[in-house]
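Per-chain residue numbering starts at 1, and chain names A, B, C and D are given in the order in which the chains are listed.
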Amino acid sequence: MAIHRFVPTTWHNVLGSLPPALRVEDGDVVITQTIDAAGYDKDGAARCPGPNPMNGPIFVAGAEPGDALVVEIIRITPIRATGWTSQVLAANVIDPERVRDLPPRNRTDWVIDLEALTARLADPVQGLENFILPLEPMIGCFGVAPSLGQAFSTATSAANGGNMDYRGFKPGTSVYLPVAVPGALFFLGDCHAIQGDGEIVGTGVETAMEVEVRLSVRKGYKLRWPRGEDADSIFTVGNARPLDQALQHATTEMLDWLTSGFGLSPIAASHLLGQVVRYEVGNVFDPAYTMVCKVERKWLPRI
Amino acid sequence: MAIHRFVPTTWHNVLGSLPPALRVEDGDVVITQTIDAAGYDKDGAARCPGPNPMNGPIFVAGAEPGDALVVEIIRITPIRATGWTSQVLAANVIDPERVRDLPPRNRTDWVIDLEALTARLADPVQGLENFILPLEPMIGCFGVAPSLGQAFSTATSAANGGNMDYRGFKPGTSVYLPVAVPGALFFLGDCHAIQGDGEIVGTGVETAMEVEVRLSVRKGYKLRWPRGEDADSIFTVGNARPLDQALQHATTEMLDWLTSGFGLSPIAASHLLGQVVRYEVGNVFDPAYTMVCKVERKWLPRI
Amino acid sequence: MAIHRFVPTTWHNVLGSLPPALRVEDGDVVITQTIDAAGYDKDGAARCPGPNPMNGPIFVAGAEPGDALVVEIIRITPIRATGWTSQVLAANVIDPERVRDLPPRNRTDWVIDLEALTARLADPVQGLENFILPLEPMIGCFGVAPSLGQAFSTATSAANGGNMDYRGFKPGTSVYLPVAVPGALFFLGDCHAIQGDGEIVGTGVETAMEVEVRLSVRKGYKLRWPRGEDADSIFTVGNARPLDQALQHATTEMLDWLTSGFGLSPIAASHLLGQVVRYEVGNVFDPAYTMVCKVERKWLPRI
Amino acid sequence: MAIHRFVPTTWHNVLGSLPPALRVEDGDVVITQTIDAAGYDKDGAARCPGPNPMNGPIFVAGAEPGDALVVEIIRITPIRATGWTSQVLAANVIDPERVRDLPPRNRTDWVIDLEALTARLADPVQGLENFILPLEPMIGCFGVAPSLGQAFSTATSAANGGNMDYRGFKPGTSVYLPVAVPGALFFLGDCHAIQGDGEIVGTGVETAMEVEVRLSVRKGYKLRWPRGEDADSIFTVGNARPLDQALQHATTEMLDWLTSGFGLSPIAASHLLGQVVRYEVGNVFDPAYTMVCKVERKWLPRI
């Protein structure tokens, strides 16, 4: 097991079958610094235009179509004392006639306290004088190359991952992604210091991070949609519009997990989901919305 | 302040401008026993056909259009040792092509332990031998008469409330409903012993409950959509399809609350929501879906 | 067979189980004058507030739940030389971020030429100097009382009809509505001199009309959603959001018609629909959208 | 102006920035034979796996980002006496609970009469004995490379075109596509002998065709979504889910065309669209649905 310090020199605005920037073995750890959603690095230097420039792709030896790439999120450390957000709700999350009254979508600067691990607005805003947020670092956009030679903008998401903006993609979480090409071709970037559900202003607190992940291959672990787990829960992810369809994808993937992976019948899986399922909302700003279907481990059968 | 023990003799399958079954003063408490979603009472006797028969309506003196009816949920006590659910996921929550493989939508019986306050499947199901659920009693369907002389089936929901099936409608929560007719005309029923997010098998654990609520009037408190609060959070509720639109309604209502009620500018409200909002999923089975937009009190400005 | 000249003295903003304003026999003809969507009559006098005041309800003898009410639209004659529209696209039919740029939703006056049977803007608008539209009179809102004692605002639509705003509801068309209460309780109003697909400014050219319909009962003709036919085609109507669901309802109803009514197997019906179906868009402004599924008679099996 | 007979030797399942198979000048005509959606050619030989193998890409000299590629569809000639369809409605176009009853999605063979220009089922189906369809050849899937180095499966569609399955893409129609890369990189394939609206069985009558198109560049003609025109009408195309969003994209693009291209104010454009717009439904089977917004030329201002 090796630890790679990956320093990208180019970045990508798509997840696709691009030439690998790094090759790692199954189980290796990668430490890399991500630039922000607009392409500014930890020193505030513009490195790449947006949207959401990605580090990568990383070729993981042994990953083949039909396997899952396991992304263990070990650490996300803020490395810049500034962040930024959009200042106003996205037009698509409020009632259409009310969009007329929205202020413009300007950017707002934030101060990130790298010692206290908090974020606050750089300029005072009435009523938010005490709005100091503990950081909850997360990876906004990550995924693998999709099938068929497709390549998707990092402004959206699909079965291969992408810009899901789910708060649960944080240290302690492992994510399973469906491998579609040899080596999986893993990308990551667009980290947030903190973000509410849905990324409803169109941004989290966008900043630069140092991320540490372990990449491994689970052979023959077929998935249609991303899966994940942490100490307490397992979850599945659907990316689509409308949110109803994202929910259908996530729920179907969880049904498959409970039946194939935990040996439940469809009826037993329905009983379990019906009474204990939790849904969490990822991105509802991008072309594809993200819905997470979650079950606490304590309800799962022992296997 | 009076306490009314309300024993209905008829039930209703709509929320509408029906003759009051009870009249109470602003601030009175009502204790009443609800029958289950299919109309069976605590003794298992059929009292009314479904869907979701309602106790009520209750006329609250002083409530006028433009006010809010405040429903303080004080207590929900299970009063029957049996419950039931549907045995299988609803067709609309999984990928359409997968519906072909679903088992039929039969009912399953549950045992409710009124001492231990738990629920379990009446008949053993492989893999769920230890699936014993602590009760989390909630009101599935409640609301007030809608405007214009409209009347809506208790199988759906709208701005006046209805079959929202949100787990947060539990003891300790107060709900604000937009009054559209004199006396508000409050209805309630369809209580669940427990239920996962979304009510995705089309039922919670359906049973009979004794419910205690305080009904009061908040004069001139104009709402478009239900609002609520508990010790920790405030929330708003949107009911519509697709879920995207329910989310728009809930988010717009929260924007209005934060600006009109807490004095934030639209930009300040956006900053707050953007980084700390939480969404929770109510019913995604009925014609109208339910999305809840929630903010923890700790982030709110002092007013 | 009698002809009734029905002169309403009150109007209704809901379709529901209200006391009949007229009783007719199966097969009778009703001639009645409708007021416009905002409640102004042919003389410009305000008779009832909006939305979409309805004439009715009309009790049709013999109609029982499980039957269909057949509404044969014989004639729609404009009776006022003025109409009005909204001046701008509805916010929900354009991309959300673009709503910021929309002009306000003011009203615009139109001139209706009752001899030439044309409509034009009352005040000149650059580029539309020659925009003179032949009238295509249609009924915007009509339907029967829904089931369960429900009552729905005339601003929306459902299985019982309502504000469908479909251009095909014009003379020569017969519509089948699912009867849910004894006498069916038929309502109509909100006629348009002309209207584009979708009613995307939120109005057609709103005006007063004289409408002549024949109302008859088709016993035991069970429907879930409205059906219709004219000389060339048969069609079904779904009312829901999103438009995808309206399309599902309409397509399912057509599948049922082709199988139950025309004796096709599901596979044969699929072949037919797959290669010759036509969809037409009704209202996409209201809470429920309307999609029409249409098949030309020439493709139907002889029965 | 040259005429190119383009005989592909490889096909593609994505629209993306692939090496050009042919280079043409602005205004050249291309004649090429397409294979069917499953990759079978005019002789029934398998040439490429599905979905929807594309001929191309064709590099059009002079096309640059910010221009439009004009695709004039001159001719689509059937070149195989056989076609095939799916035998049953797609699960996503009917009510979810009804999917349980659908027959399996097997294929059905069709006979194409290349002289009479008709299509009929190869094997008799009860009730469809006389179901002989005049051919209405159309291009199911075509488009240009998307921006950012993206590449999209030919099973879906986006702003760059793709699998739109709109009946209006037939001889006599010119289509404008937004150029995102030098040379535009044009692809086409997946022709249908005939198809109903929505491609609701998931296929048209899939077959091989000879297609003749003229490709030219309209410099500086900025589009967000495809536009088209024929002798009678102009139209715009939105590709997204739900259909509501496809309709928003198409309507916004038409608003832009009427204002920028025809000099109407937003209010004048709204008047025009509000009373004369027509919507037509393209694909409602794929991940992205297609809605067409259409205006007859006779209503357009002279420019």
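Going forward, a contact is a pair of C-beta atoms (placed from the backbone, for glycine too) under 8 Å apart; a residue touches a chain by one contact, two chains touch by 3 or more.
As the structure is a prediction and not an experimental result, all values here were calculated from the model.
With respect to chain B, maximal separation of chain centres occurs for D (centres as means of Cα atoms).
The chain pair with more C-beta contacts between its two chains, of A-B and A-D, is A-B.
Distance from the chain A centre to the chain C centre is 46 Å, each centre being the mean of its Cα atoms. Inter-chain spacing, taken between the CA centroids of chain A and chain D, is 34 Å.
Touching two or more other chains at once are residues 92, 96, 102, 241-242 of chain D.
By the touch criterion given at the top, residues 90-92, 96-97, 99-100, 102, 242 of chain D touch chain B in their complex.
On chain C, the positions that touch chain B within their shared complex are 12-14, 16, 147-153, 240-242, 245, 287. Of all residues in chain A, only 85-89, 92-96, 98, 101-103, 108, 119, 121, 125-128, 131, 133, 194-201, 203-205, 241-244, 247-249, 251-252, 255, 262-281, 284, 289, 299, 301 touch chain B in the complex they form.
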